[in-house]
Amino acid sequence: MSRKALAYAALLAFGLAAPLFIYPVLVMKILCFALFACAFNLLLGYTGLLSFGHAAFFGTAAYVAGHALKEWGLPTELGLLAGTAAAGLLGWAVGSLAIRRTGIYFAMVTLALAQMVYFIFLQASFTGGEDGLQGVPRGTLLGFVDLSDDLNLYYFVLAIFVFAFWLIYRTIHSPFGQILKAIRENEPRAISLGYDVAKYKLLAFVLSATLAGLAGATKMLVFKFATLTDAHWHLSGEVVLMTILGGMGTVFGPVVGSSVIVTLQNELADKVGSLVTVIMGCIFVICVLAFRRGIVGEVAALYQRVVGKRARG
Amino acid sequence: MIDDYILETDNLVKEFKGFVAVGGVSLKVRRGSIHALIGPNGAGKTTCFNLLTKFLVPTRGTIRYQGIDITRDQPAQIARRGIVRSFQISAVFPHLTVQENVRIALQRKLGNSFHFWRSDRTLARLDGRAHELLAEVGLEAYAQMVAVELPYGRKRALEIATTLALEPELMLLDEPTQGMGHEDVDRVMQLIKKVAAKRTILMVEHNMKVVAGISDTITVLARGSVLAEGPYAEISAHPKVIEAYMGTEHVD
Amino acid sequence: MSTEYLRISDLHAFYGESHILHGMDLVVNRGECVSLLGRNGAGRTTTLRAILGLTGRRSGSIMVNGRETIAMSTHRIAQLGVGYCPEERGIYASLSCEENLLMPPQVGSGGMHLDELYRMFPNLYERRHSQGTRLSGGEQQMLAMARILRSGARLLLLDEISEGLAPVIVQTLGQIIRALKEQGYTIVLVEQNFRFAAPLADRMYIVEHGQIAEEIAQGEIETKKELLQKYLGV
Amino acid sequence: QAKPAALKLSDGMVKIGVLTDMSGVYSDLGGQGSVTAAQMAIEDYKAQYKPNFKIEMVYADHQNKADVGSNKAREWFDTQGVDMITDVLNSGVALAVAKVTQEKKRIMINTGAASTRLTNEDCTPNTVHYVYDTYALANGPGKAVTKAGGDTWFFLTADYAFGASLEKDTSDAVKASGGKVLGSVKHPLNASDFSSFLLQAQASKAKVVGLANAGGDTVNSIKAANEFGLTKNQRLVGLLTTIVDIHALGLPTTQGMMFTEGYYWNLNDDTRAWSRRFFAKQKKMPSMLQAGTYSAVTTYLKAVAAAGTDESAAVMKKLKELPINDFFAKNGKIREDGRMVHDMYLVEVKKPAESKEPWDYYNIKAVIPGNEAYQPMSLSRCPLVKK
Amino acid sequence: MTEIFGVPIQALMGQLMLGLVSGSFYAMLSLGLAVIFGMLNIINFAHGALYMMGAFLAWMGLEYFALGYWQALLLAPLAVGLFGIVIERSMLQWLYKLDHLYGLLLTFGLALVIEGLFTNGYGVSGQPYSIPEELSGAFNLGFMFLPKYRAWVIVASLAVCFCTWFVIEKTRLGAYLRAATENPKLTQAFGINVPLMVMLTYGFGAALAGFAGVLAAPAIQVSPLMGSNLIIVVFAVVVIGGMGSILGSILTGLGLGVIEGLTKVFYPEASATVVFVIMAIVLMIRPAGLFGKER
């Protein structure tokens, strides 16, 4: 128990110290995507629903938050909230439709609806089309912390991440989380016990969309812009990859997965040029064929085996 | 007195593309009894069950439960009213522990099932009741086992415990002893009898031993309508029932 | 020609990691009806599935009509003339009742004719255009049985065929099995229903923990009553 | 050119970053070709001027993602000491990188992006927009074709900001030259099938059909236009068409099309000489972006040498002073708003029979002088421009 | 002249024809998806990439081996089919026991790899492929100028779709297929070589995509990304149709092509999204899709 607490403390300490030796913008980017993947994992790993359209929420929040900060001049906190809320609303709309189907159909429906959202962003005037919404001011936190300083912003982003991470952890280990687990295990049985399964799935979907939105809005704040790539289906695919690579249904899997992918993308950009999609694709294939448990899952399994052996031997 | 009957159907009809699977069944289930529904294959028993639990929508007719018309209710709503069915295939949450299985059912009444911000430790207070229920079906020793590891008969028991957790007034059992060995059949029979003490049970069953052993009233369906109704002694002597269903081999 | 039609020796079978059959040994002679009895989970179904290679890993030896099949793939085994009526019936939802009947390809000569089967199971004739899984539980059971009689298989592996059937139908089924025996079919009957199996079987094996615990010949039922009591509770 | 004794360099060298799309939709326009061009420019500069400072180059793929691009730029500025970034095609990426460049006080000489926003609303003191923009592409044919008798127009417009601005700029030019716009149809981005839209264009009976789209969309609309026999009675005008598209489609399909180019390899001996060298390395003739990248890098290095430092304000001042005259640009000048103004060419695609060698694709119909081709300063929306 | 909502009826007929053409592609692709899904329980995300491969192989055949359109129409689908078989044998066959989602993910990865490799080799701006001599020119239908090639696309794809439907729904082989689709193990226990059928099915589905690709090559630019956007629309088509029946996927494909075509006339801005909007509406009214079986 306390060992777990210790581990969390160590991680937090690492998070606090990270910008001193790693390029802070990169760490912020990783944090945003980690949050995104964690939110996604809440749906895939703990509810068993594979959404292939999560970029829609990420992108929506980015655009709305960006618009709120730039055009309406809202304070930073409110801008982020506005974006997050918009993603939640969209999540509710998409979710109500998508949960009518399950399994692969669910994946296809979310993908298709997200594509529709993408087209809307492409055509709408407030998004700046292909050019994107650029030059959003970061503003100040609570009116006095200047967020244009990368380090200040870093701790703000870290705080957001820790809060959201805690919320996800809480959700998984809550009465609600128990019901989600039951639904994933045996849906007809859950219905016959009197649970309105659709409502639970919808709430899980909305939660996941909202947090994905928070990630999108935060990312927008870090980079000061929102563009179509934030809502493109490639991103939806990437977040699936991050989650699976790290280990779906594990608390830390998405964090690890997103760190690896973001770092890889950053590094590969110079070295392999156009082969970067091929490499991403290969990682996908290898994960599915050989490491379905993901990095964290495999490590945990290995640990179990070692500990088990020691206990036995 | 209306309260005598917990469940009444009036002229219930279900057609599948012109084929009448259930054709005007009026069924009255007395409160506190064990009521068996038997009949030849394809008579419409399962279909009847599906109508009662809203897995199918009746073509015509009404269903009244406790005097209330529930013909248009949704499946989950039916469960909340206190009508719970068991499945022919075993229905447990395979990777949850036996105790968690029961707790899922208990949790609903707590009313915090949507509270995603609460810790699941708030569920601990249900453990006591869960153990009581498990004890009732003889599973207390297995509480921490994962359900998937239970032997078949025990899974059935767990399923019944889970169902009991909902404190159903009316339990619908579809062939509860199908595919069970003799010992298990006896165990489940005793179990049904035990839990029937405080509630009503409506079951479909082909095993005459069970039907003869525990049911108070038997309704025989044939070709979608009621052929006969009454206690076992009466039914088993009914010539039409013998011809259509029981055949010459008798259970003594 | 040997009279031995199926010989299983030291058969081990697994589902993933779990070891289910621990060295089964049994013999079924041509034209014989042999019944496997046992408690739930004893491994009777698994035995039938292992014969067809439907379990996970398996080892030992299974001779069907003089051919070693342990390394064969499922469809090759079936083509030797093995018909399987599974416990869960396995009716195809995407095929109509009649298509279900016609689906299994010919694996031997002398299979029954469609008309013959419909005479045997009038319910099926009535519902022949209905979608397979829309049949009632019992009708599906009949269909599963009828299906393999058409394919010309000479070795029938029947898993709990009396389950879920009205007593009258069970009686008819008993007559059918007798008729099949007369026609020289070799039958392995897995049954829970002792009353049904006892009069039909030439020999009975009692399966316990994935092994044969006891063999009882038809004539010994009376003398071995307490054995049956011990293993089966009858 | 006078050589100052020693240059004041931030980190002992001049470092140039080529940030381009190496794998996506625009990789044939810029991509590896741009990297090669920049490399050539540096080598040529070293060979010709024997500079006493070190020149290095890095490049990266921005994958057409603004975040990847701006992150890379930021990292280059922060950790690698990059002084100037070039290419940066894709307007979204370019706008994001412009912001970073300004924040970090370096220079971006953009040779790849089309958006006029780079020198209008979003202009910065650190941006130079070098090769072309949508205004120049739209304006040229709009005026010239209308004057040549193509006075009724119909547009096929990609339904997003970029398409709309191309259509608007062209319509303005058409109207200003006395032509008439009969209508337009908006098609979704990356629509694979254009037949339906073409049928509508055909039904309009306009003399000229303007393609306010880019890349694959342009190519597919040209292809369909050919198939449906539209080119028999109507003239196609591409508003963002490049030699890459013509090469992809082939002359039989594209003959007779008109559009504006910022560069053509077969223009004169200078262009031919340079382009053949490029071809030897790249196996393709250069696009205007690639040629422009060479020119931009050379110009930048000259400005650094002239300023005696790589400090951006000083270099920028020199950039805006020095006239640009090389194989790429005649009478080139970088304006106050960052716009590099140079002559553009209205071209018509040759008939297959006219083409004498591979890549011999264009007849030059007109040279549009820089000050006519580009948006006049009087219309500038750039806050830096004092009015 | 008659008009409907201000659009001359002749123009409308023309647009209907064109809708049928794009519907033909939807039909072929969603048919392939349905066949593969039926047998392997896998949504083949790589379908778009296979379609692109078909087109590219046709182009490469012409470029490197001087193979004409007609040869390509035969050989390219074969090659794509073989490629599909290789994929099935080397990767997909390990996934059948797992959740269907893994199939989707694996094929998604494959699509990235295939598209990435082609992009790397050939760039994205695309390659030209001209219409074969025999099919160039056009029919004058009175109300429109219908290029012969488009007419051929409709004919060819309808023929292919019809044959597939016939084989699956009306023949013995089809009955085996449907049986194996539902319960592969049991079907094998009846003596049918199911693994072989699975392999061939994936090969066939891939070949169907390849065939569509070759058909598309002369009509649009052959580019590595030509399949990736199309496939999402086809997914929506599949959701609308519901994978209940072969006929269903064909009819839905054609129908949506026509609807999309009409949108291009009346409200072109919505033509990219109309299929998705229809999908949303269908989901609200009939969650299982138009031809899907409620379950």
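We just call them A, B, C, D and E in the order they show up, numbering each chain from 1.
The rule we apply is simple: a contact is a pair of C-beta atoms (placed from the backbone, for glycine too) under 8 Å apart; a residue touches a chain by one contact, two chains touch by 3 or more.
What you see is a predicted model; the values in this text were computed from it and never measured.
Student: Which contact partners do chain D and chain E have in common?
Tutor: Both chain D and chain E are touched by A, going by the contact rule given at the top.
Student: Does B-C or C-E have more contacting C-beta pairs?
Tutor: Pair with more contacting C-beta pairs, B-C versus C-E: B-C.
Student: Farthest chain from chain A, comparing Cα centres?
Tutor: C
Student: Based on mean C-alpha positions, I'd like to know which chain lies farthest from chain B.
Tutor: D
Student: Round to the nearest whole Å and give the separation of the Cα centres of chain B and chain E.
Tutor: Computed from C-alpha means, the inter-chain centre distance equals 47 Å.
Student: How big is the gap, in whole Å, between where the Cα atoms of chain A centre and where those of chain D centre?
Tutor: A distance of 37 Å separates the two centres.
Student: Measuring centre to centre with CA averages, how many angstrom lie between chain B and chain D?
Tutor: The mean C-alpha positions of chain B and chain D differ by 75 Å.
Student: Between chain A and chain C, what is the separation of their C-alpha centroids in Å?
Tutor: 52
Student: Pull out every residue in chain E that's touching 2 or more other chains.
Tutor: In chain E, the residues touching two or more other chains are 116, 119-120, 269, 272-273.
Student: Where in chain B do residues touch two or more of the other chains?
Tutor: none
Student: In chain D, what residues contact two or more other chains?
Tutor: Within chain D, the residues that touch at least two other chains are 23, 27, 31, 159, 188-189.
Student: Show me, using the given definition of touch, all chain pairs that touch one another.
Tutor: Applying the touch criterion to every chain pair yields A-B, A-D, A-E, B-C, C-E, D-E.
Student: Mind pulling up the chain D residues that touch chain A in the complex?
Tutor: Listed in rising order, the residues of chain D that touch chain A are 22-23, 27, 31-32, 58-68, 70-72, 74-75, 78-79, 90-92, 95-96, 99, 115, 117, 122, 159-162, 164, 188-189.
Student: For the complex, which residues does chain E have touching chain D?
Tutor: 8, 11, 14-15, 18-19, 21-22, 116, 119-120, 123-128, 130-131, 138, 144-145, 147, 149-150, 216, 219-221, 223, 225-226, 229-230, 261, 264-265, 268-269, 271-273
Student: Contact residues on chain C for chain B in the complex?
Tutor: Residue list for chain C touching chain B: 38-41, 87, 123, 127, 130, 134-139, 141-142, 160, 163-171, 192, 194, 232-234.
Student: Give every residue of chain E touching chain A within the complex, in rising order.
Tutor: 37, 43, 91, 94-95, 98, 100-102, 104-106, 108-117, 119-120, 232-233, 235-236, 238-239, 269, 272-273, 275-277, 279-280, 283-284, 287-288
Student: Which of the residues in chain A end up touching chain B in this complex?
Tutor: Where chain A meets chain B, its residues are 167, 170-171, 173-179, 181-182, 185-186, 188-197, 199-200, 203, 207.
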